[in-house]
Amino acid sequence: MDKVFRLVVSCPDKLGIVAMVSNMIAKYSGSIREASQHTDFIDDWFFMRYEIGSGLSPFDVEGFRKEFSDVSTGFEMSWRLIDAKEPKKVILMASKDPHCPLDILHRWKSGELNCEIQCMISNHKDMEKVAGWYDLPYYHVPVIPDKKEEAFARINELIEEYESDVVVLARYMQIIPPELCAKYAGRIINIHHSFLPSFVGAKPYEQAYNRGVKLIGATSHYVTEELDAGPIIDQDVVRVSHSVSKEEMIRLGKDVERMVLSRGFRYHLEDRVLIHGNKTVVFD
Amino acid sequence: MDKVFRLVVSCPDKLGIVAMVSNMIAKYSGSIREASQHTDFIDDWFFMRYEIGSGLSPFDVEGFRKEFSDVSTGFEMSWRLIDAKEPKKVILMASKDPHCPLDILHRWKSGELNCEIQCMISNHKDMEKVAGWYDLPYYHVPVIPDKKEEAFARINELIEEYESDVVVLARYMQIIPPELCAKYAGRIINIHHSFLPSFVGAKPYEQAYNRGVKLIGATSHYVTEELDAGPIIDQDVVRVSHSVSKEEMIRLGKDVERMVLSRGFRYHLEDRVLIHGNKTVVFD
Amino acid sequence: MDKVFRLVVSCPDKLGIVAMVSNMIAKYSGSIREASQHTDFIDDWFFMRYEIGSGLSPFDVEGFRKEFSDVSTGFEMSWRLIDAKEPKKVILMASKDPHCPLDILHRWKSGELNCEIQCMISNHKDMEKVAGWYDLPYYHVPVIPDKKEEAFARINELIEEYESDVVVLARYMQIIPPELCAKYAGRIINIHHSFLPSFVGAKPYEQAYNRGVKLIGATSHYVTEELDAGPIIDQDVVRVSHSVSKEEMIRLGKDVERMVLSRGFRYHLEDRVLIHGNKTVVFD
Amino acid sequence: MDKVFRLVVSCPDKLGIVAMVSNMIAKYSGSIREASQHTDFIDDWFFMRYEIGSGLSPFDVEGFRKEFSDVSTGFEMSWRLIDAKEPKKVILMASKDPHCPLDILHRWKSGELNCEIQCMISNHKDMEKVAGWYDLPYYHVPVIPDKKEEAFARINELIEEYESDVVVLARYMQIIPPELCAKYAGRIINIHHSFLPSFVGAKPYEQAYNRGVKLIGATSHYVTEELDAGPIIDQDVVRVSHSVSKEEMIRLGKDVERMVLSRGFRYHLEDRVLIHGNKTVVFD
């Protein structure tokens, strides 16, 4: 089976980036299988994601990596070269509500999400049986009002022990402390059950109901210190009429949450998301 | 051609409303052609819209109206009986941007919007030629920073002279003073170029661009004293990726604005919108 | 807890239907909680669905049922009065693909679908473990090319033994023989993985890929003798660009199938679907 | 103002295409402003669209064109290099229905569509006044049952005289004869008022109404000899319930037609559409 690598690059926009990169890929026998580029003309910033397979002879990854390390410096590039077959290591965090974690687990098992889910962490015991079905270790880490620090110290410990790449907050419902947000910047994905920036914080469906909006939505985003204000990966909405009660909003919203979280998470797993400031470039 | 009337009712929820209303319609030879009902179980409030045609003999409107006036009191009803063929009288207000007013005018001329557009009012001269094409009087009422009161006094005068039922702000871009909002409550429809409550106020596309949202939208709503906070009639969104510039957001948003304003306006013209507190019931 | 009944009526359009029905509900102390009506002006046919709770005293169901049976004859009504709390009995049929049956099962367990799933039937063994998780009997009924009759005789037997109200074909992939289609008319719901009437029959995603459509879809419908041609309950679509491969179409389509099947099935369970000829009225 | 060129390429997939093209652009001082690529792994075919601006010195178009002509032969490339500022020449054809032609004309005048609309051709006189507003020559070419050949000979003559690049059938409603389809392959864009391949031919809304579909749509496509079967550029849909009459379907459909035609036409004008067999690659 052919090896595939993903080269993800962002840097100040300059002449000759594409020529340089594509030449170097050709030089080391790579072939470009999928190419996405974007230039932000306001910030003069360049973004690129290439999927590289083997050409006439196998792609010489190590040779490429070595020379690219040198050359990229001149372009002030931030870059990664990722083996596409290497699954990212993931911790799934949940609270009581099963719809998002179950959806992630089902998509994972059915092969939609190329990753290794390592364990589940929850402040409740409700999802323990589900974790069992999927043969996953389950860590019950209660978050007690005056002892939140202990809980998040334990969570940090688990992320370190598991050497996880990504943490997915599948309706985890607790606020992540600033030091963890900073430490794992761009590596914690949350689903917020509103169309951000509308209805930040608690009970967004109730806020939406009370405002009388005609569409409700959900947003998957990276977690940052400011609540529900991190870089947005994906959003979607569903129509609600006056006849939709708060309870029905919650039911309808679940489907949007599932779609938006799993889509955003998949983009992340496939290295399709590039964070730039508080925004994202998503090469879907 | 058969006469059609619309009976629009809202009142505290009580037993026997439907039986009372449908009996009285039958008694005066009306036949129910279209029926919509809604009960708000939180506020215990009942909403109804019936389209009434003639039964075996013509619907006795005057008889019905007289008896219904008496009976409805016991139900604390707020109600209207409207001749569906009687077009509402409308003033169209615009600024420089032609896409919304042109769309309303085209839909009006092609028969989609049953109303009588009486004139156009604008703080600029840009749309004067368009008004000419449609044989509409055009009132250029400049809004000058220190003399805003004069402008809105003139606008109020025009609404009174024309005895207008509805004022449509087709991207009018000026803030309506509180006294006009109060005087014409439920009769001034605005299009705001964002998915409210996100991005209230000026330059919503720029706000959306800077926040990095993945969908942009528009909202048609009744104007109230608090800016962009009145009862929402309709909303819609369109997907935008990272590659969509501010200018392209404006272009894409225009289509959403057109759809959402014309749809909300049509609902209003067909008496499909019932305002309750700061929310609407829309029997579409 | 208050009892709720659903009165579902269809009949030739006539004067006084609403007055008659609402009077009779009032007479037996019922209160109308939700009301939907539709008149087909081409066929002159009337459709109605009322949710009836108790009024000042409990709704006298038996009294109502008795008198309504008599009176409805004069209106040539086809009608049902259903106890909303009485869950419908359901058989879930699947093949190898788990996404639709799993989704139905998850929504059922989480309380979204008010029904009693009695058992699963499949021509394969793949879903047996899943049935086990949900404590459901699992009938493996292989469909062998020359012995299809045997298989469907067994399936018919199971439906009869279980006295099922509805059969859901959750990507069952076998053609139901005409006699079963006729016997269980309006009681077998299928999900077809295309936007009907496009791409009837086998491999609709491949057909869609080859035609180069820019949206793919799914359709939930009642099964009739003619393949994929029965009354449509619900449909939806998702955008696909040129870059979406056949395999990705299948992945994207799964989410549409899940939504459209579960939505159509829920409408059926809540008696919101009225079949008229080869079309449906769906009071959502 | 900086000159911008579009390089559009399709060819058998081979190693080194991107490197070759990007090198040559760099060699002639071009800078890549927007890049889109696609590989069809079933047909092993490569597609590319680059927007090229000037680099440190102005892009040497003639030098590039000359060398690229030679080099591209080895790749069996079909390619075009287009000056992005050079508006394409367009003939707009209409019948009686004004919504599509008016929408195209409005978007053109407001600057959304970079092209030169040269004239209107119609088999009816209804749109003559509209053409006048926009200062466009109007050719009334009646299509008489036994003399269709004459009409299309005249139309061909006009396309030749005007040296038009594109013909837009904005609800033209007449079948284009095979010889014109062949002669102007990939240059005639039609809007069909259904979600193709459903409801080919006449009265698609009536077909949709009779089938009882829950979404109706529209399709913009290139015209080929087989009716409504050419390469699809864009499609969209709108939800319709049982309560939507045939007349309302037509009204709702108009908005979808406008969107889908103008979007497809814009993609074409910006050289974003590459035809491959009976399918399109659309770099939107």
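The chains carry the letters A, B, C and D, assigned in the order they are written, with residues numbered from 1 in each.
Please note the rule applied: contacts are C-beta pairs under 8 Å (C-beta built on N, C-alpha and C of every residue); 3 or more make two chains touch, one makes a residue touch a chain.
In this text, all values refer to a predicted model and were calculated from it rather than measured experimentally.
Residues touching across the chain C and chain D pair largely coincide in numbering: over half of the numbers involved belong to both copies. More than half of the residue-numbered contact pairs at A-D reappear in one of the options A-B, A-C or B-C, namely B-C. The chain with its CA mean position farthest from that of chain A is B.
The interface with the greater count of contacting C-beta pairs, when B-D is set against B-C, is B-C.
With centres taken as mean Cα positions, chain D sits 41 Å from chain C. Centroids of chain B and chain C (each the mean of its C-alpha atoms) stand 37 Å apart.
For chain B, the set of residues that touch two or more other chains is empty. Taken in their complex, chain B has these residues touching chain C: 15-16, 18-19, 22-23, 25-26, 31-35, 37, 39, 55-56. Listed in rising order, the residues of chain A touching chain B in the complex are 38, 40-41, 195-199, 211-215, 217, 231-237, 241-243, 245, 278-282, 284. Of all residues in chain C, those touching chain A in their complex are 98-99, 102, 106, 110, 112, 133, 251, 255, 259.
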